[in-house]
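Chain naming follows the written order as A, B, C, D and E, and within any one chain the residues start at number 1.
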Amino acid sequence: MIVRPHLHWFRLLFVWRGSVLPYIVSRLALVLAVSVLSVLGRHWWMSAHAESALSIPPFTLMGIALAIFLGFRNTVSYDRYWEARKQWGALLIGARSLTREIASFAPDEVALQRRVARTLAAFAFALKHQLRGTDPRADLACRLDPAVVDRVCAARFVPSALLLCLAQDFAAARRAGSLTDLQLQSMDTNLNLLTEASGACERIANTPIPYTYRVLMNRTVMVYCLLLPVGLANAIGWLTVLVGPFIAYTFLALDVIGEQIEEPFGNEPNDLALAAMCHGIELSICELVGETPRSSLPEVVDYVMV
Amino acid sequence: MIVRPHLHWFRLLFVWRGSVLPYIVSRLALVLAVSVLSVLGRHWWMSAHAESALSIPPFTLMGIALAIFLGFRNTVSYDRYWEARKQWGALLIGARSLTREIASFAPDEVALQRRVARTLAAFAFALKHQLRGTDPRADLACRLDPAVVDRVCAARFVPSALLLCLAQDFAAARRAGSLTDLQLQSMDTNLNLLTEASGACERIANTPIPYTYRVLMNRTVMVYCLLLPVGLANAIGWLTVLVGPFIAYTFLALDVIGEQIEEPFGNEPNDLALAAMCHGIELSICELVGETPRSSLPEVVDYVMV
Amino acid sequence: MIVRPHLHWFRLLFVWRGSVLPYIVSRLALVLAVSVLSVLGRHWWMSAHAESALSIPPFTLMGIALAIFLGFRNTVSYDRYWEARKQWGALLIGARSLTREIASFAPDEVALQRRVARTLAAFAFALKHQLRGTDPRADLACRLDPAVVDRVCAARFVPSALLLCLAQDFAAARRAGSLTDLQLQSMDTNLNLLTEASGACERIANTPIPYTYRVLMNRTVMVYCLLLPVGLANAIGWLTVLVGPFIAYTFLALDVIGEQIEEPFGNEPNDLALAAMCHGIELSICELVGETPRSSLPEVVDYVMV
Amino acid sequence: MIVRPHLHWFRLLFVWRGSVLPYIVSRLALVLAVSVLSVLGRHWWMSAHAESALSIPPFTLMGIALAIFLGFRNTVSYDRYWEARKQWGALLIGARSLTREIASFAPDEVALQRRVARTLAAFAFALKHQLRGTDPRADLACRLDPAVVDRVCAARFVPSALLLCLAQDFAAARRAGSLTDLQLQSMDTNLNLLTEASGACERIANTPIPYTYRVLMNRTVMVYCLLLPVGLANAIGWLTVLVGPFIAYTFLALDVIGEQIEEPFGNEPNDLALAAMCHGIELSICELVGETPRSSLPEVVDYVMV
Amino acid sequence: MIVRPHLHWFRLLFVWRGSVLPYIVSRLALVLAVSVLSVLGRHWWMSAHAESALSIPPFTLMGIALAIFLGFRNTVSYDRYWEARKQWGALLIGARSLTREIASFAPDEVALQRRVARTLAAFAFALKHQLRGTDPRADLACRLDPAVVDRVCAARFVPSALLLCLAQDFAAARRAGSLTDLQLQSMDTNLNLLTEASGACERIANTPIPYTYRVLMNRTVMVYCLLLPVGLANAIGWLTVLVGPFIAYTFLALDVIGEQIEEPFGNEPNDLALAAMCHGIELSICELVGETPRSSLPEVVDYVMV
């Protein structure tokens, strides 16, 4: 996630970090080259093929259609991004509810309370690692017993295994008389909620937007941006060199932002700050039971929080 | 589902697999033919009927209207696709929750736990077969007792019958004292969730987008694409042969993608990878109770996962 | 619901059934007449009022605005249609969950199980009749005791009365010891779900899209379609006779589809197949308890399922 | 709510009631005046300032942008309208569920059942009065004990106070042994649902669309409609008098409909028929417990149901 | 929130407060300056670079694309705004449900009831302070015991700590016999709801729309508005000075409204009236248990409610 203070609109015009310019600069260069060539070649073309000259109207038609499709794609990408964020919010909510319940239902079982808080934090970190395809062992080892870590890390779906650990802990507490049957039921409902949140994150991570959309978008946007200067050259002359790349910038930038936020669990600047959220969850639940959080807020590097 | 590594934007321009080109190539050829004819015939037409010449403005008008309607249709199709995916996600979530519950509520009933996991996996496979109209017997036989398989396969709605089996198993476990009344209630709630997910999938499979939309879209897009070269010929001459099919490609491709993902349970490349998801569900629940999964991950053929 | 096998795109162009052409043919004829008159009268008009001639640009402006509004209206209509379908899906889901519960909670009370299944089927049929304003007695009489039929049919809201019967049956079973208090609670939750689904259907049936939208849409679309040929005549001559009605077709067809699916419980071809869904619900719940369904799948007449 | 039988499309063209024409007729007159002036003055202007003449293209640009923003605003307004309707549907659903529960849980407590039904009806009426800012006393007095009426009417939030009365009634019934603990819990869940529905209605009533949107919409639409004839006059001469007001009608009408349905609880023709819905709720719950409804269906005056 | 009586459309045209004009007046001045320069310089330019003259068509193309993207961004911003409002509505609903429950479940525990109401009000205020980054101590001190205030204010997440206090209070009441196990469960569900509402608010506050969107929007809108007069100057002469800034006003205003409501918890005029809502919540729950509210309705200053 890019974290920057609010800038005045004028300074915002010249921001480089946080813009997608770096990602599209090669394509813009190509458009610029075509623009220059179109302007240089227009007299020769008009004298040779005056009848077959591209003008602006066909581009208006195409451009608006393209804008509508880009709008559709951006909506879809943003919905994925925002749903992913909501699921991590649900994780925080479920973790807090569970911690509140264990703290109020079993007020004297301080060890249990703290173990629950640590396991919940481990659950968040394990989910982060699963979504990013990294190894969760380090983040688990500093929060859980070595035996539990070994057992849990053997599983393919570590977060799921951690929820089972929690459920077994609660069931044991009920058998030991620390929790009543009804209290166990209430907590089980919140475990379901955590199962749902992690399952939904896996769904978003595993199912990208149908590949064909990406191919189609990339292709039409690129062909359009390359043809556009040809159409403009005749009408606005050397201004093509200014207007062509500017229009291309708008379309390409939207295409690239859409691509970036469509997979919100990655490591790109616009992706979700999973590590920071994990820390937030741990902080929030640990303070309810007087436990010390093991993580610290990740540093912001180049305005990017990971 | 098409599974391809991320390609550079330049290579993406020339992708054939994963594109919808194969589906629309005949229509594009027709548009190309009309383009050539329009260009060849324009002088004759202009000399004979100079007053009745198609120009670009009427197409701008129509084209943008069409783009808006295609945008609407794509939104609807994508919503169906994504809701279908969500329901399969709910299936995974419900199955995991149930397995976690049985494993923590009845920690000693290992046989029951594994039977539940196998039945849940069978449920996922049975739903896949129902949605694709194939025979579920093989996938059931390797997971359940022959008696159960026979009873269940006699039903028209196999997944529903399997949920009843689970419910009866749970009720028996309660009568035997392995589960309490409240635990049964918790598990019943998750059975409701699975009923909901499977019912929602049937709904999507049985209720296509109103047929009239399909007729209207196909008709207007096709007529538009065939008239367009006539309108362009006069204005941009031989470039019509390039621009006409390119615009037609954009519109037809969006129409075809919409048609494909509108029925997400089929076997087309853009449809959901039901078999892979069934395997994922089985893997995930089996490892919670120490059971061996019976399925393996389907192979990816030509970048397509089924 | 229109049920047709998938057609090749070329055959789809000439489909008559399933298209909305029959509904708009008179309006299209009017547009055609205006087109012919505009073309015939254009020379006279241009010589007399050369300065006051309609050209295409004002229509581009209006047409795109109109397309956006039609898109909005279609989205709204489709949402109503799809929500209605979802509620009938919820009905199936609730009915299945209840049947599963009664079958597993009270495995020996076969008579009760079958009565519940029949009452649930009667509930679906009663809702269908309420939404379509027809008499439910026949469909109730073949499923319920005459005494119940008489009592229930006296009510204004028959589905509601049937749910009360079910609730009373369950409460009696609890008093008789066949169900526990907790099981009754679980089933009560599913009764709430059925109450919700039927209430939501009534809401959609009783609250159309604000009338003013319909007036505005009909008026602007019609005036637009009638003025359009006047604007085209000067620019594209006799082609107006082709292009004018084609554009009118697109706009009018979308307007009419929107009108049809906006009230999804009617008897028009694009409305929901309530009778078929009622049969599906009955089939699905009856087979869970070994009861014979009283209904059969309605026949498809002219590709329309009712 | 405007209640009219379906009209033939031709008659719909000339409908006055149910149209928003009365609300915008003064603005249309202004546009007409500007149109006439523009046409009369165009020769003078062109001879004096031929270089500074408005033409149509800038209006195409603006008009489409405006249409998109109006589309956004209409979507938002309609969503508020439909959410309001949904919440009143949830009210009906909650009231029916509660009545069904009390009738089946405490079959012998007829007096309690009827009191609950009357209180629920009073709750609906009280909410209607709160949302419309009218005095609920009359509608409460004919349904509840004078003591309750006095106590409840002293509160600022009458519907909330009525739900507390119900909750106290239920709690008393539990202490008296008519309801079990679990039944009380089920009914409490439905009370939560009613709390939610009434809270959501207050939210919609108290939080309009940000005022700035209204200012911006009104301003741009009006300036646009007044400038448009100036731009048209030169191009289409006297037809401006026809086309200018027609386009203005479309834009202004959409703006006004949006304004009307954005506050769905008022007394304007397009607002929700709260009184009729209150009657429907009372009818529906009273017949479940054999109570006589105190209200009657409000009359439809000038096709408007209040 | 801006609170103004409904104005006649004519007076609305000249409203200054409640408009975003103050925020964009510098940018509009810049556009005006460019407009004047373009008009003055157009003869010189046309004589020097007649071939490289900007005309209107490229702006139509860009303008509509921009409008679509602004529409997308406004939809997203408004969704955030409205979701934030919904979560505060959920807060009211949860607080009312909890108060109703404690009042009906423990009718004799007046002290407990009032403490619960005060804690719930404190919870709302604490959330307001957390979202706005202000100090909650004053608002807590007048409602809670000093010991509780000290303990709670030590936490990073004060609302969460307050919910734990409530949960501990309820658990103590159950141990004391004032509440049953089932009643505790019902209330715990409502505590979950409050956890959810506050978590969702934090999510909206902590996760802005991806920064890149803001950069892209600001950049394209501004470049567009500055280039537009150059394109208009040639076509409409001195009217550019009128039309250029007007179009710029529409685009910039929408951009700025989007920016404002995208962060709905701030102190800008269009943000949510959190203080007023806190007061509403306190009023509503206090009157249910006969407690005196500690807050009063904040004054409206310059039509703005905070």
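As a working rule, a residue touches a chain if its C-beta (ideal position, glycine included) is under 8 Å from a C-beta of that chain, and two chains touch if they have at least 3 such contacts.
Only a predicted model underlies this, so the values are computations on that prediction, with no experimental measurement involved.
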How many angstrom between the C-alpha centroids of subunit C and subunit B?
23
How many angstrom lie between the centres of subunit A and subunit C, each centre taken as the mean Cα position?
38
Multi-chain contact sites of subunit B, meaning residues that touch two or more partners:
57, 60, 64, 66, 68, 71, 75, 182, 185
Viewed as a graph of touching chains, is the assembly arranged as a line, ring, star, complete set, or other?
ring
By the touch definition, the chains form a closed loop. What is the full order round it when you set off from subunit C toward subunit D?
C, D, E, A, B
Residue ranges of subunit E touching subunit D (in the complex, touch as defined)
1-4, 9, 12-13, 15, 18-20, 56-57, 59-60, 63-64, 66-68, 70-71, 74-75, 78, 81, 85-86, 88-90, 92-93, 96-97, 100-101, 103-105, 107, 180, 182-183, 185-186, 190, 232, 235-239, 243, 246-247, 249-251, 253-254, 257, 260-261, 269-270, 272, 280, 283-284, 287-288, 303
What residues of subunit A sit close enough to touch subunit B in their complex?
27, 49, 51-55, 57-58, 60-62, 64-66, 68-69, 71-72, 75-76, 155-157, 160-161, 163-164, 167-168, 170-171, 181-182, 184-185, 188-189, 191-192, 195-196, 199-200, 202-203, 206-207, 210-216, 218-220, 222-223, 227
